[in-house]
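Lettered A, B, C and D in written order, each chain numbered from 1.
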Amino acid sequence: MDAIGRKRWSIAEGYIPSQSSFSDRALISHETACILNVGQRDAHVAITIFFADRDPVGPYRVTVLARRTLHLRFNDLDDPQPIPRDTDYASVFESDVPIIVQHTRLDSRCAEVSLLSTIAYAEA
Amino acid sequence: MDAIGRKRWSIAEGYIPSQSSFSDRALISHETACILNVGQRDAHVAITIFFADRDPVGPYRVTVLARRTLHLRFNDLDDPQPIPRDTDYASVFESDVPIIVQHTRLDSRCAEVSLLSTIAYAEA
Amino acid sequence: MDAIGRKRWSIAEGYIPSQSSFSDRALISHETACILNVGQRDAHVAITIFFADRDPVGPYRVTVLARRTLHLRFNDLDDPQPIPRDTDYASVFESDVPIIVQHTRLDSRCAEVSLLSTIAYAEA
Amino acid sequence: MDAIGRKRWSIAEGYIPSQSSFSDRALISHETACILNVGQRDAHVAITIFFADRDPVGPYRVTVLARRTLHLRFNDLDDPQPIPRDTDYASVFESDVPIIVQHTRLDSRCAEVSLLSTIAYAEA
């Protein structure tokens, strides 16, 4: 399949609640960037995290193999440093091949689960 | 009405929970691709499913008749094989005529229903 | 302010649950098309509703005054005929001036409210 | 990092419920515009609020510093005047440098939290 997508993406919303009503990994509050690489070459993605009141942090580096999807939890990022909880942030993704990025949050601060999702902003 | 839309679409997010709190079909946890074909010719759509750790599966073939909408549940796809539950996936839609694709998930793992929806990524 | 937006929009997802857990109008299950007209001329909008298994219905006609927003409930449309409940549908909006359309559903089939929203698909 | 984004954005949906089931600021019902400025110059943003049945109000002025994100609660805007509760509105953002805008609502009218999010409509 021909590559589809863009090389730069951004998610302006970001917030990982420190609270969860569940201990099951699937239901712990989390923010996810769903990344799809349909092409024949691996995608090397550099992620930069922006904050309200301090300098950006990054790059966080992830590889999305050719013809694979990676549903990346921001909760799991820890190099160069973990993303702080209960803190507003935003993110930019820069890839060397076209990818597609979709944003999802599962919020289980309360006993019931709430979800949001939106396509990220694409450019170039 | 003139055809509107694009011929290639992608949904980077995909996850069908195996659990549901309801037996009513409308409230069982499901992922849906809402496909709209406003044109005068039937749309022949080939769907490919991408995973994190194995080769893509497909094509799944569906037809969206002229001037009709099809709200396709990924749960119902079974040829060439069902989509595994509790597994991250992503999808690409390739149509021979312009269509519009919107993604929705209804999640009823917990007693209350949670919903998400977003327009898919379009190209060409 | 200069007009912004597009003249043709489409929402591929549509479903009005017949059930609600509330009698308060704000909390009754509903589908909304939020339409914004920032320009100096009134927008005359023709809406066509598409179904899975029968011919499209419409046009439904609404006017969005200059420099106004209209949060239109599909539940309220009744000319040429009401939109059936518990039925999959999709919609196309055709305006004579540029507008912006965003889709929202509030679902209160269960005791708690669930929300979804996404920007509609724009063209021309 | 090079600036990315657009200079004009619009969110057609807007509604701040007056009710909340929580007193914790994080869980009070709110509408947020998540604004990201990845460039080297501060973004001066003028926001205009549109209503169903009266003239637009604004501009509300906010600055998003270079290389920062601002998760702006519409609830907090009060100059030239607060945004009325339980009232449909829409918004337009005009910036002097490219930015990215994403819309989120947290709704806690009922005991459980519901979320929605979508990318705003971009132009220019």
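Here, a contact is a pair of C-beta atoms (placed from the backbone, for glycine too) under 8 Å apart; a residue touches a chain by one contact, two chains touch by 3 or more.
From a predicted model like this one, the values you see are computed outputs, not experimental measurements.
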Please tell me whether the contact surfaces of chain A and chain D are same or different in residue numbering, using the over-half criterion. different
Please state the rotation angle, between 0 and 180 degrees and to the nearest 5, that superposes the Cα atoms of chain A on chain B. 90
Taking the mean of the C-alpha atoms as each chain's centre, how many Å separate chain B from chain C? 21
Roughly how far is chain A from chain C, centre to centre by C-alpha average, rounded to an integer in Å? 30
Residues of chain D that touch at least two other chains are 111-112, 114-119
Hey, which residues of chain A end up touching chain B in the complex? 1, 4-5, 26-27, 32, 34-36, 38, 67-71, 100-102, 104, 111-119, 122
Of all residues in chain C, which touch chain B in the complex? 8, 10-15, 17, 48, 50-53, 55-56, 86, 88-90, 92, 103, 105, 107, 109-112, 114-121, 123
